[in-house]
Every structure is written in C-alpha cells, then in structure tokens.
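Below are two complexes that have chain A in common, paired first with chain B and then with chain C.
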Partner chain A sequence: MSDAATTRPMPVGRKVLLTANLPAGWGTASLVAGAWLLLVLASAVHRADFLSYQTLLAVAFTMAIVGVLAVAQALVGMSGAILDLSQPTALTLAGAVVCQLLGMGWPIPIVLVAGILVGAAWGLFNATIIVVGKLNPIIVTLATNFIGTAVMFLIFQHIQAPIASPVVAWGQGNFLGLPNIWWPMVALVLIVGFLLPRTAYGRHAIAVGGSRFAAQARGISLKKTRFAIFISSGAIVGLASIMFAASNGPFAPSAGTTFQLPVIAGVILAGVSLAGGRGSIWLILLSVGFLSTVPTSLVFFGLSSNWQAVFQGFILIVAVSIDGWRARRLQR
Partner chain B sequence: MSLKLKLPTIIAGAAIVTSMLAMSVGLIGAASAAPFKLGMAIGGEPSQDWQKAQGEVAAALAKQRGWEYVELSNNADPAVTTKNADIFIQDKVNAVIEFNGSPAVNPVIAAKFAAAKIPEVTYDIAQKGFYFVGIDNQAAGLAGGEALGNIAKTKWNCDVDLVISSEGQGAGIVNTWRTGGMRDGIKKVCPDIPADKWVSMEGGGQVAVALPAGRDLLAAHPDAKKILVVGINDSSVLGVLQAAEQLGRADNIIGWGQDGSFITGPNVDPHLAGSVFYFLEGYAVYALRDVIDPIAAGNAPPVKDDPGNPASKVQPCPVSAAAAAKIPDMAGRVTALLAAPKGTTEYDLFCPKA
Partner chain C sequence: MSIDTADNRAGSGGLDRHRLRDLATGSVSSIAVTLVVVIGVGLSWIGPDFLSQSNLNIIGSFVAVPMLVAAFSSFALLAGVVDLSIGSMVGVSSCLTATLMTTAGWPLAAAVPVTLLTCLALGAINATAVVIFGADTIAATLGMLVALRGVCYLLAQPMGSITAFDTDFYTFTNLSAGPLPLLFVISIAIIAIAAAIVSRSRLGRHVQAVGGDDRAASRAGISVARVRFAALLLSSLGAGIAGILYVGQLGSATNLTGTGLEFQVYAAMMIGGYSILRGGVGNPLGAALGLLVVAGTANILDVQAVSPFYTNIIVGLLLLAAVLLDRLRGGDSYE
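Moving on to the complex of A and B:
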C-alpha cells in the first residue's frame, strides 16, 4: 500500500517552508484564543466562581498530558504521516514499564529514561513496519494500537506506581501554583515549537510532509525522516507516560484511549494540517487549553460529563472542516 | 488340510467380526455412563481478571467431581456469545454456566438451550429460564453506603458538604442498584443530608475517566470540604479521590468502593475507607452446590430466575480498609478456596465477621 498522504501533488518546498512559519498561524491563533476567551467569559457570567484557582488547577491538570501527546501527534501530522493512532498503547505501555520499575525500586533517573526509551522503541517499531513494508502509517498505527493493547491485557489488567513513590508525589504536586506535570508540557511546546523550523530535523519533517517528491529532489531521505519523526514522537509519548503514571493512579492497558479524541482535536485545532507540511507547535498551548476548559465549563453549566465527548467531537469536525478549507485554499 | 477361502467370504467374515466388536464396545459404553459434561462460558473482558478466574475455579471444581469440562470465552461480544451457545449444544454438554456481559442476546441463547433441553446458570445478569446465581447488587450498595454513612456520622455527625456518585451508566441496572444502593445506604444512616448536596458524574468504571470528571466536578463545588464518594466500583471512586488530591482537597474526602479491586495490597489509597467484596472469582461454588450438583445427581432443582429469589444468592461483604489488609489477593483466595471443604464459599473463608 502506498502512503497516500505523501504522494499527492504539492507546491514546491520553498512555499511549504514559508507556510510553516508563524504568520500563517495568526488567524488560527486569534480564532482559538477568541473561542477560549468567549468560553471563559460565558462560564464566568453563568457562574462567577468559575474564575477560581480550583478551575485553573483542573484545566491545567487536564492540559498537561493532552498537550504533550499533542506535540508528538503534531510532529507525525506535519511530516505527512497523518496521525499516529497507536499513541494510547505507547502511553500505557511505557507507563506500565515506569510503574513496574518504580515498584522494583529502581533509581528514579533510570526509570524516567526507561519510560522515554520505551516510547522511542515503540516509535521505532511503528516506523520499521511503515518504512520496510511501505505501508500507510495511519493503518499501521491503528493495527499496532490494537495489537499492543491486546498483548498488554495478556500480561496485566491493572498497574500503578507505588503511592509512596516520589514520582507519584511529584505527579500530584504543584510548582508556582500550577501542577508539576503542567510545566514539562509548556517547556516541551515552547522548545519544540522553537526548534522545529530552525533545525534540519524540523525542516526535513515539514518538507517531507509538504511534498515527498520535492523533498527527495532536495536530497532529503523520506525513510530517515520517517524514522526520526516516529522515534522522537514516541520518546515524547514516553515523557507523557511518566506524567501519566505519576498522576493517574491505577490504570488498565486501554486507559490511554481516553486521550485520543482531545489530542487529535487539539492538533487539528492548532492548525496542523493532516495533509502534512503545515502547522505551529506553539498554537497547541491555545488549542489544548481551550479544549481542556470545555469539560470544566460544561460541569459549571450543569451538563453531565457525557456531553464532553459530544462537544469535543463537534469541535473536531469543525476543525477538520477548517483544515480542509485551508488545504483547498492553498492548492488554489 | 488346506483351507481355501474366496475374497467375498473373507470380507463378509471381517464385517461380521467388526460388527460384533462394535456392538460389544457400545454395550460396554452404555453400561458405564458417560461422565457429566459441564460447559462454562467466561465473560472474556480482558481488563477483568476475575472473569478468567471464574473459569479456573469452575474447571477445578468440575475436575474434583470427575466431570468433563468445556470452557469457551464470550470475548465480551454478543455474536461470540451466541455462537458459543451453538457449540455447547453440538458438544452435548449436560449443563452450562455463563457470565454474559451482553444481555441483549440472552433471549436468543435461552431459546436455543431450551430447545436442546440444556439447563443454564447465569451469573449476575438475570434471564427468564436461567438459574440465577449472583450478588444482590442492591444489598451490596446498601451495605457499602451504610458503612460510609457510619463513618460520616462518627466523624462529622453527618454534616457533609457533598456526596459524589461516580456512576457507571454503561452497566445499566447494575449501576442503579449499586451506586443508587450506596446513596440509599448513606441516607439510612444520615437522613438529613440536603438534596442539593448530592451530585453525580460519569466515572465510566475506570480511574482514567473518573479522574478528569472528578476534577471538573470538584472545581464546580469549590466550597465543599467534607465530601463522601460512592461509585459503581473501586476504580470510579478512586478517580475522584485522586482528583481531590490533585486539587489539594483530599484532607476531608472519604470514599467507599464496590468490588474490592483496590482495597487490598500495598497501594491502597488512604482516602478509600473500604469496599464491598463479592468474591466474583468464586461464584462456581454457589452454582455447583445449589444447582449443578443436584442436576448431575438427577434431582434438578426448580428454576429460579429472579434476582430477588435466586437459585443461589452470593452474599456481599463490606470490608474496611483495615480489615481488607488481612484478605489475600485473588490468586491466594482461589488457592484457599480450592483447598477448602466442598461447598465452602469465599465469604465463609474471608469475610470479616462483625
């Protein structure tokens, strides 16, 4: 099967690179920031106590893991691999390793590195199948997600980090009034957003996502880029898994699926094109912030948490429509 | 003397000898009755390790009795569940035990087994014509709620700011019985908690769902300090307790779970005051003792398919966190159960006596 996302005709590499820069994202940024502000204002008008420290904490906790996963997902999307649907498995697999090693009393630095390495290894596994088999990444990651979750179920039903572990204390704690796990997310978004257009790695990823043929003509290896993207994206999921293990308590192998919808919605809402070659990592802070505020607002409006998926699904459809509209406009 | 036999004669002779042999084998077989054959369809939901253990216990008890045992997994899938019924019928089992988490296909299965005259035991989910063996979920809810209500009465004189129900609506009536039963149990001890203090959220039966929902709910009740949490299972309650921890409000929150999944072992949440054990893995003791053994002995009991008047009632066991520390994990419980005298239940072995 050929990779449909990377074989479509696209503009030349220079144009692709230009559209990856911030100016193209200002429209999206204003739109998302406006929607977020409107949501906060509407909630505050409905109930003044919405503007409380408790709300801030709740939203920040929700943002943390979703934001990190969204950065990983955005890298995959920008590189033209559409989506990595195996993130839920990578998250719980690496999280399970972190829990297991913590339970065995391994030194914390080694455990943290192990979590990131397991995520990276999962990315390598995906990339190997995609590159060697020349298969569509979205289909491969859909399949590996099922396989991975099923295999984990054969091994364990629930796992959790020891509650006495300093990692768990860190995962529940705050720094400067915001959750400890929120800060690595912000740092990651800022660093990756800064480095992506300024490093060969980032430029290659965007170029391959924009036009595989134009990128190859410029001597960029599709295979190497794909390996690099999936491994680094997997490593970032490994980072998310540490935050997940530290803050979630006991979890089943399927627990990661709860993040899938908000992560994909967050990436698309941030203007990352599913067709590849375009998007801003920094905007993830806005999109994930907005999406993480939605469920909290719903509760303040007295709606049940079942409405959360309805709203997120609706936002996803709107975001995909905007993405399609943008792609058509670019092709004209 | 030479004996000359022609080919047709030889074939005819061989046929006669073979027929006689076959008849004698058949007669011998008829004389020694075929062993009783028990079919067991486990639930097959991978995240529920007790479902697998239900099969292990049934297999061990069948082996103790010298029965044949056939196990299939429903894979938590209605189509597989229906197909399994056909396989049991083709395999001519004498009775079937089933945990079927897809009750919509129960009428179809019931019609198949009725036509094949195979008696069936159902665990926890009632179906007309099936022997019902299971927990009284409402009693389990009431027991847990009363236990939590007693803690609230002792600690706060029932003056609580919020009672959170972490529902699992996917479980349908079971959620109503358990979570609603817990609310009723609290009301029994603390009847004067105002109606506006009772709130519900969807916990989905897992921490990963209940945790963010719990954060949002607690944020929407910023002034609530003394909080009680009930839910369909331990996971859904734990999610809310974790949320309170993250929002810095865990000082005065107390939860009581259902199913006993997270009340034993080294990682018990300090705010989870207790849980209600059903000892799900050991249901086969009840099923065999009260239904299958009499059927195997030729004295089939009358079919009791009403959870209110079951063929065998599993007793719920409310256990405080302190008492739960003395209860072994599931593997240990299964080992002890299989070593116990015939008919002994896990409730007999492990439920702390007041």
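Moving on to the complex of A and C:
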C-alpha cells in the first residue's frame, strides 16, 4: 500500500527509544486500563450506586466465559491462523454434550472430561480440513460453523443441564465473593499467559504466527503447530462450554453466536495482532474486564440492552483501527 | 493476472482470447456446471413443475435483492476489502425507511435519499477504519455488522417491526417482466453491467489490480486508497438500495431484516469464484450463478418439505468444495 514506506530507514525518534525500555504491551495495557477506568468513573458519576457489589458480580460473571473463549481465540490469532469463526458451534456442541451426559446421570468428572474432549475433537476436525486441504482457517471455520450449527438444529432445538445437578449449583454459586465460574477463567489466563513464552509449544506458535517461512527454516513443523493450536484452543472452548452449561438456562444451538463479537474485540483490545506473532494473554483480563463492564454501565445510564450491540460493535471498530494504525507505524 | 493493467491497452485482442479460455476453465464454468446439476436434481426430484412459471417466480423474487447486493459488493471483494456489514446495513436501511415513512410520515421520495445518504455515511465509517487507519477489514466490518444490528433493534422498538406500505412501491416491486419478476430482471441487468465494468473497462481493471497486488497497483499509478474507499461506499450503497426494496416487497421492516444476508451472499459469491481474503479474483456472473445455485437448492428442499437446515449444510459443503477447487486451480494455498 505504501511502497515508499518500506524503503524508509528505521526512525530512531524519541518514541521508539521510550518504548524500548518498557515491557512489551504496556501501551495497549495503559490504553485499555484508561478506557476501563473512564467508563467506571463516568458510570459512577452518573449514578453513585454503580460502585456496588452487585455490579462487581455482574461484571465478573460476564467476564468468565468471554475470557476463556478469548484465550482460545488469542492462541489461534497469535499462531497466524487469524480467527476461529466456529467457536460458537464448538461452545454449544460441547455444552450440549455436557448437558446430555449430565441428564443421563454420568459421573461428573467423566462429563467434564467429555466436554473438554468434544471441544478438542472439534479443533482436530477444523485443523484436519485446514492442514490437509491447505485452506484458509477463516473460511474453513466459517463453513464448519455454518454446517455444525445446522446439524445441531436437526438434532435439538433447546437443551439444558438438569437443574438438580451439582454442576448447575456450582455454576450459580460464589467463591470468595466472586462467581465460581470467574475463577477458572482467571487461572486459565494466568497459566496460559505464563506458559506461552516459556514452552516450546508457545514459542513455536508465536514463531509460526510471526513468519511461517522463518519458523520453517528453524525446523518448526507448520502442520504439527497448526494441529496443536487448534486442538488446544478447542479444548479451552470445551472448558468454556462446561461453564456455559453450568451457568445458563436452556440454550439453542445458535446460542454461542452472542459471544463471538466480545471475544474477538477482547482479543484485539489485548493487542493480539490478527496478522499473528504478537500479543499478550494476560492483557485479556483487562480487555475482557473493560468490555464486560459495558453492559452493566449501559443499564445504569438507562439505555436498553439493544445499545449493547451498538457499543460493542463500535468499540471493535475503534480497536481494530488503533491496531491497524499501530501496525502501520511499526512497519515504517 | 492483471498486475500490468495500467499500461495494458495494446493487444486487447489477445487479452480477450485469454479471457475466453479463463471463462471455459475457470470458476464461472464450474459454477455453471453446478447450476446445471441443481436444475437436473430439481427436474428429476420435483418434476417439470420445478421450472414452472410460478416456481421460477418464487425463486426469482427470493434471489433478486441478494443478487443486487452481490453486484454492488462484488467491487469491494474484487478490491480486496470484504464488507461483512451488508446484512445489518440492509436491515438499517429497511428500518430507517419504514421509520421515516410511518413514524415521521414522510413520503417515499423523501425517505429514500435520506436512507441512502445514511448508508453511505455508515459505509464511510467502514472505509475510514479500513483504508485510512488500516484496520483489519473482516474485524472492522464485523464490528459494524453487530453495531448496526443493534441500531435495527433500536429503530424497530417497541414492536420489533414497522409497517410501511406504499401502494405504488409495492406494485412496482411485485411487477412481472414476462415470465420473471421485474426485480429479478433488473438485478440480472445490473449484474451484467457490473460484469462489463469488471472485464471491459479501465475502472474494472484498476479495481482488479488493487485487489490482486496493491503495491504493484500503486506503482502503476493507481490510487489504492481511493479505489478501496469507493468500493466500500459502493457496497454500502447497494445494501441501502436493497433494504429499501425489501420495504417495498414486504410492506414492512423488522429488526431481523437482512440477518445472515452477508453470509448468504458471500458464500454464494465464494462458490461462484470470489475470495473474501484475496482480491482480484471473481466475476459478477459467477456471483449470480452462485446465488442461483443456493436459491435453487433451497427451493428444492423447500418444495420437498425438507428442513431448511439442510440448505445450510449443503451451502457450507459447497463453500469448502469451492475454496478447495480454487486452491487446486492455483489459488492461494494456506500452510
């Protein structure tokens, strides 16, 4: 697009020197934290009772499933596979299996493992088509999402975990004052964020996302990395599906769609480049926290829930615009 | 294919022969074969009634508006900037037209220009994010898709739908031209014009060049930013016109008008040889044939009272087959 830019020498201006001394991602982190703080302050000034335990509970509850899905989406994005558009299907598919097995009275540990395995199997299914067909993940997952949701609609219209199940009781309970389902999300973000730069798996994923040719030259198998990424991100969606089945009432095969936008927005706000090779998992806590505050704030501003989509959509547009602007500046 | 476009005015005869060969072996011919297969299945399963006038009318009026959307957004796809927001843009256009007509009591003639300008302004937001800021096209227009669906819900409050009936407009959108609906014939004509622009005019070659290789295009003196900005505006304009036509066809707008249209249109266009990830490929004729394949399949299953979800499964499988075929033909392979 800007062919003149590629030949321009690296600027050694004040900005570059400034950022060089700080940990990566600080700019993104302070931007998101600032936006979050601004939102909280504005809501609190408008209605002082915004700063309440109820708000905290609502925000933490919203964060849980979005956060877990965002970790899975971030792995896909960092490895250069852009986006997994079939997350909604994976979520409701694994969630439906969990509900069904619970209803059949299977022991809970086995049901939980089954939910995660279904998610992983869905990732394997996607990865197989992508790797064998050498097809772009975004189109493959667009198609498999469409097919998967349609197949589920042929089988069931609504499904729900048995109300008497301990899993449902867990999904609606609190621990240390915060929702039970919030804790696995935080643990997952911290663990994956810690392990990613410190394991061969994570380094390979980021290397492939940065430049697949350079990664190949270093002897990293593209195929193995693709399989590993999609299977593990699928397993993480499987974990989200357990939390989803535990905390939601009856849901339709298309129920996962509502998560898609907040998840993608959360990943991009966390600084994960859709071009791959860049991003921090830990920042997902900030970005998803910010996005999950929006619905509650809207309620306090007296705006109907229809405004939620409008705000989330425009936040995503602004986020990707900033992301694109920054990527261009880095190129120069 | 057309990277050397700007200076390629000599030897257009050779180029034409080249194009004929492309047409015979390329994506348009394989989608044409698929359409023949669909018609064959329709005739053998439903019988001659599949091509009866009433059934052709049903298919034609079902596919007319999506085809119009495809004709306009084909330029954005060609230029390498997919616009996912068209489904909700159609919804906003419908809801806004209906609100202006019913709630505000405006005549249709006043509601139409205001609606179209609004859609162009929304398209300009897309274009600003994508072209000026360099935002990822899929993510930015996905954001617009969700935001505008929210706007639809807000406009259609509190009933979820707005009745807006204009007798003349209703009559116009339901007119027939011979055995086919007039709107369908108009859409086909617009597709033909778009196809002519793409393959015959300098403008079309510029758009293809920008989508094929933006660096080469900008070296050849084409303003990449201007072409892409215009292509995104055109796409939102097409969605705006489509939304207004839906008000005419249906006599009302709902908060769900246009939901999923973006997938319907782009899946059909990808089946017809376009790519949502790579510009410079595809022909509006392929898009029209792709839409007819999808509409024909849906119609067969509908007449046979098979669950409509099978249509989605078939469309998904066709989509995978189409991108695989494209890759085998030498398109981008992803590793």
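In the analysis below, the second predicted complex is superposed on the first by the 310 of 332 C-alpha atoms of A that agree within 3 Å, B and C clash if a C-alpha of one lies under 4 Å from a C-alpha of the other, contacts with A are read in each partner's own complex, and residues count from 1 in each chain.
The rule is short, and it goes like this: a contact is a pair of C-beta atoms (placed from the backbone, for glycine too) under 8 Å apart; a residue touches a chain by one contact, two chains touch by 3 or more.
Everything quoted here is computed from the prediction, not taken from an experiment.
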First (chain B), second (chain C), both or neither touched by A:P166: neither
Per-residue contact with chain A, leading partner among chain C and chain B: C
Which of chain B and chain C A:F251 touches, first, second, both or neither: first
Partner chain in contact with A:N306 - chain B first, chain C second, else both or neither: both
Partner chain in contact with A:L316 - chain B first, chain C second, else both or neither: second
Which of chain B and chain C A:A327 touches, first, second, both or neither: second
Which superposed partner A:F61 touches (first chain B, second chain C, both, neither): first
Which superposed partner A:P137 touches (first chain B, second chain C, both, neither): second
First (chain B), second (chain C), both or neither touched by A:A150: both
First, second, both or neither for A:A265, with chain B first and chain C second: second
Chain B and chain C contact sites that coincide on chain A, given as residue numbers: 150, 153-154, 304, 306, 308
Chain B partner contacts - residues on chain A that touch it in the complex: 47, 49, 52, 54-55, 57-58, 61-62, 150, 153-154, 157-158, 160, 162-163, 172, 174, 179, 247-256, 258, 295-296, 298-300, 304-306, 308
Of all residues in chain B, those that touch chain A in their complex: 46-49, 169, 200-202, 206-209, 211-213, 215-220, 222, 235, 238-239, 242, 245-248, 261-262, 266-267, 269
Residues of chain C defined as touching chain A within the complex: 125, 128-130, 133-136, 138-140, 142-151, 153-154, 157, 214-215, 218-219, 224-225, 263, 267, 270, 276-277, 307, 309-310, 312-313, 315-317, 319-320, 323-324, 327, 332-335
Residue ranges of chain A in contact with chain C within the complex: 1-3, 82-83, 129-130, 133-140, 142-144, 146-147, 149-151, 153-154, 212, 222, 261, 264-265, 268, 274-275, 304, 306-317, 320-325, 327-328
